[in-house]
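In the two assemblies presented below, chain A is common to both, partnered first by chain B and then by chain C.
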Partner chain A sequence: MSGGLHRRDLVKELVKGRDKNTLMLSGLGSPCWDLNNAGDVPENFYIWGAMGGAAMIGYGVARAQPDKRVIVLTGDGEMLMGMGAFASIANFPVRNLAIVVLDNGRFGETGGQKTHTSTGVTDLAGIAKASGIATTATITQESEIAKLKELAFKTPGPVVAVAKVQYEKLKFVLPANSGGYLKDRFRNAILGVDRAQM
Partner chain B sequence: MTDTKLDWPADVHKVLRDEGITEVAMVPDAGHSRLIELCEGDNDISLVTMTTEEEGIHMLSGVYLGGAKGVMLLQSSGVGNIMNSLAMPNTCRIPILMIVTMRGEWGEFNSWQVPMGQGTPGCLEAMGVRVLRVDQAEEIAPAVKAASRLAFDGQQMVAVLISQKVLGFKDFRELAR
Partner chain C sequence: MSDASSNVLSPDIVHREMKQNGVTDVVWLPDSETNWLYLLMKADPDLRLVGVSREGHACSIAAGLSAGGRKPIILIQNTGMMESGDSIRGWLMGLDIPVVLMVGYRGYTRHGVNKDTAATYTERFINAFGLQYYLVESDADAPRISIAFKEADRTKRPVVILVADEFHGFNR
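Let's look at the complex of A and B:
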């Protein structure tokens, strides 16, 4: 079931915890608009497509950058499409990855159709836990936002934290969408131009 | 398995090492089994098993964003699973290297393998993947090396397709006896 949290406020609060060693990737749709709205930096990578892939893309970054904290922001629709990622990540774990699912129970970009989490039948944090993810949690209220920040930034990974947010129709806050630009910007920021362009 | 004396998986393993590949994502196939064992025994290479092949393309996209190089090992049926995952490396010009063992094309005993096996080159090419086909054991390692250069220097998605001619085909009547 969707909860009472406001996703834009939640993501704004979340990014206050970041530093240069934080890499954030957002899954297609609303998480991209949320992350861009909270502040565009080169250490953000906006995944505009490849639905179902955000967790594994972030996992790949985390494998290649073990000294950085990698936070994936995604939605319930996307996470439901790629649930096998929980099992793969749990079996080959990394300590620097947190997956934050902004769960509004809806396919937000396509008309607000209900997802399998909408009525509480399907529990994404429960699936992550049963898949073997070390730390899982479901956040439903504002008093738990500090806990969410702790999970996202500090708790040894892999972490899956599901935040129950309202279904809201919000303005799209569009980031750059050129894949080549976003890739080079991200790699240049974390590798340095000389290494990134070789 | 192949009846050739050539140990092509050992040669491919050496190429992967020489090319600086440190991440191997895979959904296993019998044709990849020796290469998988060699990678498992290599402390410089991390092998990650996927529940489905698109996870591997996603992971390798992230691995490259993070500054490392990887390869995906899969069989032709798995190529059908990765189509939309190729959208990101395609539009971002992220290098992707795949080694695909073929089914469904050369003496295949299982009709269910035929549709995806026959469709594999066309599906890959439709998504912008450069396809290198090999049907001789001695060509595999050089093809993987060329594919790696084309991928990581040429910023392309590249798949090496290893024919069932090399891998040998199973006779299901033999297996059922």
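Let's look at the complex of A and C:
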């Protein structure tokens, strides 16, 4: 079931809460366009070279950078491909990681085919909770956006928050498409140029 | 090699090579070929281990760890490496991640007739991706591990070490 939230507005609102210690990673497709649309900074890591790994790459960054807050923006299609991530993260938990799933119940980049969350049968927050993720939530209304920001930025992780968003056909706002460039830019931002080149 | 002891790959030597090359994190999924190595790493307080539920996730976590400034190694089996194809392409190669994959070579027999399709396709798979790889069968081959690390760092690409100890794992 698609909720009533507008993903672009939601992500714009979410990034307002960030500072230099916030690292944001976005998964393949719409989450990348959403994050880039909200404002491109070097602390954004657009990981759109493959599908299914955004949560785990963010988790790796969180383990490497325990003093930073790491927020992963991903979609329901990508998260469904990598649900085992919840179990791994729960069993080796980190306190600085929040995963925000923008759930429109669709594979947005391939024509809008329905995903398994579209029927309401499959509940990603429920799966995360059953996997042992400490804090989970599903957000469906604008009045809950403040709660989502609290979960994303403040609540000790690991956090999985599913935001039910509308299925919308929106303009692509593409970031750079070189994975190596995007990773190096991200490393330079968080490690400094000298250490990043080691 | 006529000496029986020299035909064995010692966990201590592999572990030492990893330490010498600055490994900080081990991302792994159980592997019958390299379980002996896992047990040794688990006992090392300087190494941080994280287990995954599928091998493609090992590539994802390693990419994140590397992007964040750590030096991971991936410890998986050849079957899982093949399962990880798109993660190797999209994450390790696509993001220029200098990482070593230590891959248990299930089904490997140096002289015998191969009866395991996992072994049949292992090197074909690696070659299809154009990755450099090194076969490590015994202690005498251990210096290849450092060569693999240096090559990964120099090329900013994943490099594979095939742990082809036919006296461990399925062939034991």
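Rule of thumb we're sticking to: the second predicted complex is superposed on the first by the 198 of 198 C-alpha atoms of A that agree within 3 Å, B and C clash if a C-alpha of one lies under 4 Å from a C-alpha of the other, contacts with A are read in each partner's own complex, and residues count from 1 in each chain.
Rule of thumb we're sticking to: a contact is a pair of C-beta atoms (placed from the backbone, for glycine too) under 8 Å apart; a residue touches a chain by one contact, two chains touch by 3 or more.
Just so it is clear, the structure is predicted and the values come from calculations on it, not from any experiment.
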Superposed partners chain B and chain C on chain A - clash or fit: clash
First, second, both or neither for A:191, with chain B first and chain C second: both
First, second, both or neither for A:163, with chain B first and chain C second: neither
Chain B versus chain C as contact partner of A:124, first or second or both or neither: neither
Chain B versus chain C as contact partner of A:60, first or second or both or neither: both
Those residues of chain A which chain B touches in one complex and chain C touches in the other: 45, 47, 49-53, 55-65, 82, 84-85, 87-88, 91-92, 179-180, 182-183, 186-187, 190-191, 195-196
Complex interface listing, chain A residues touching chain B: 23, 25, 45, 47, 49-53, 55-65, 68, 82, 84-85, 87-88, 91-92, 179-180, 182-183, 186-187, 190-191, 195-196
Footprint of chain A on chain C - complex, ascending: 25, 27, 48, 50-54, 56-57, 59-70, 72, 86-87, 89-91, 94-97, 156
Interface residues, chain A side, partner chain C - complex: 45, 47, 49-65, 82, 84-85, 87-88, 91-92, 179-180, 182-184, 186-187, 190-191, 195-196
Chain A partner contacts - residues on chain B that touch it in the complex: 23, 46, 48-52, 54-55, 57-68, 70, 84-85, 87-88, 91-94
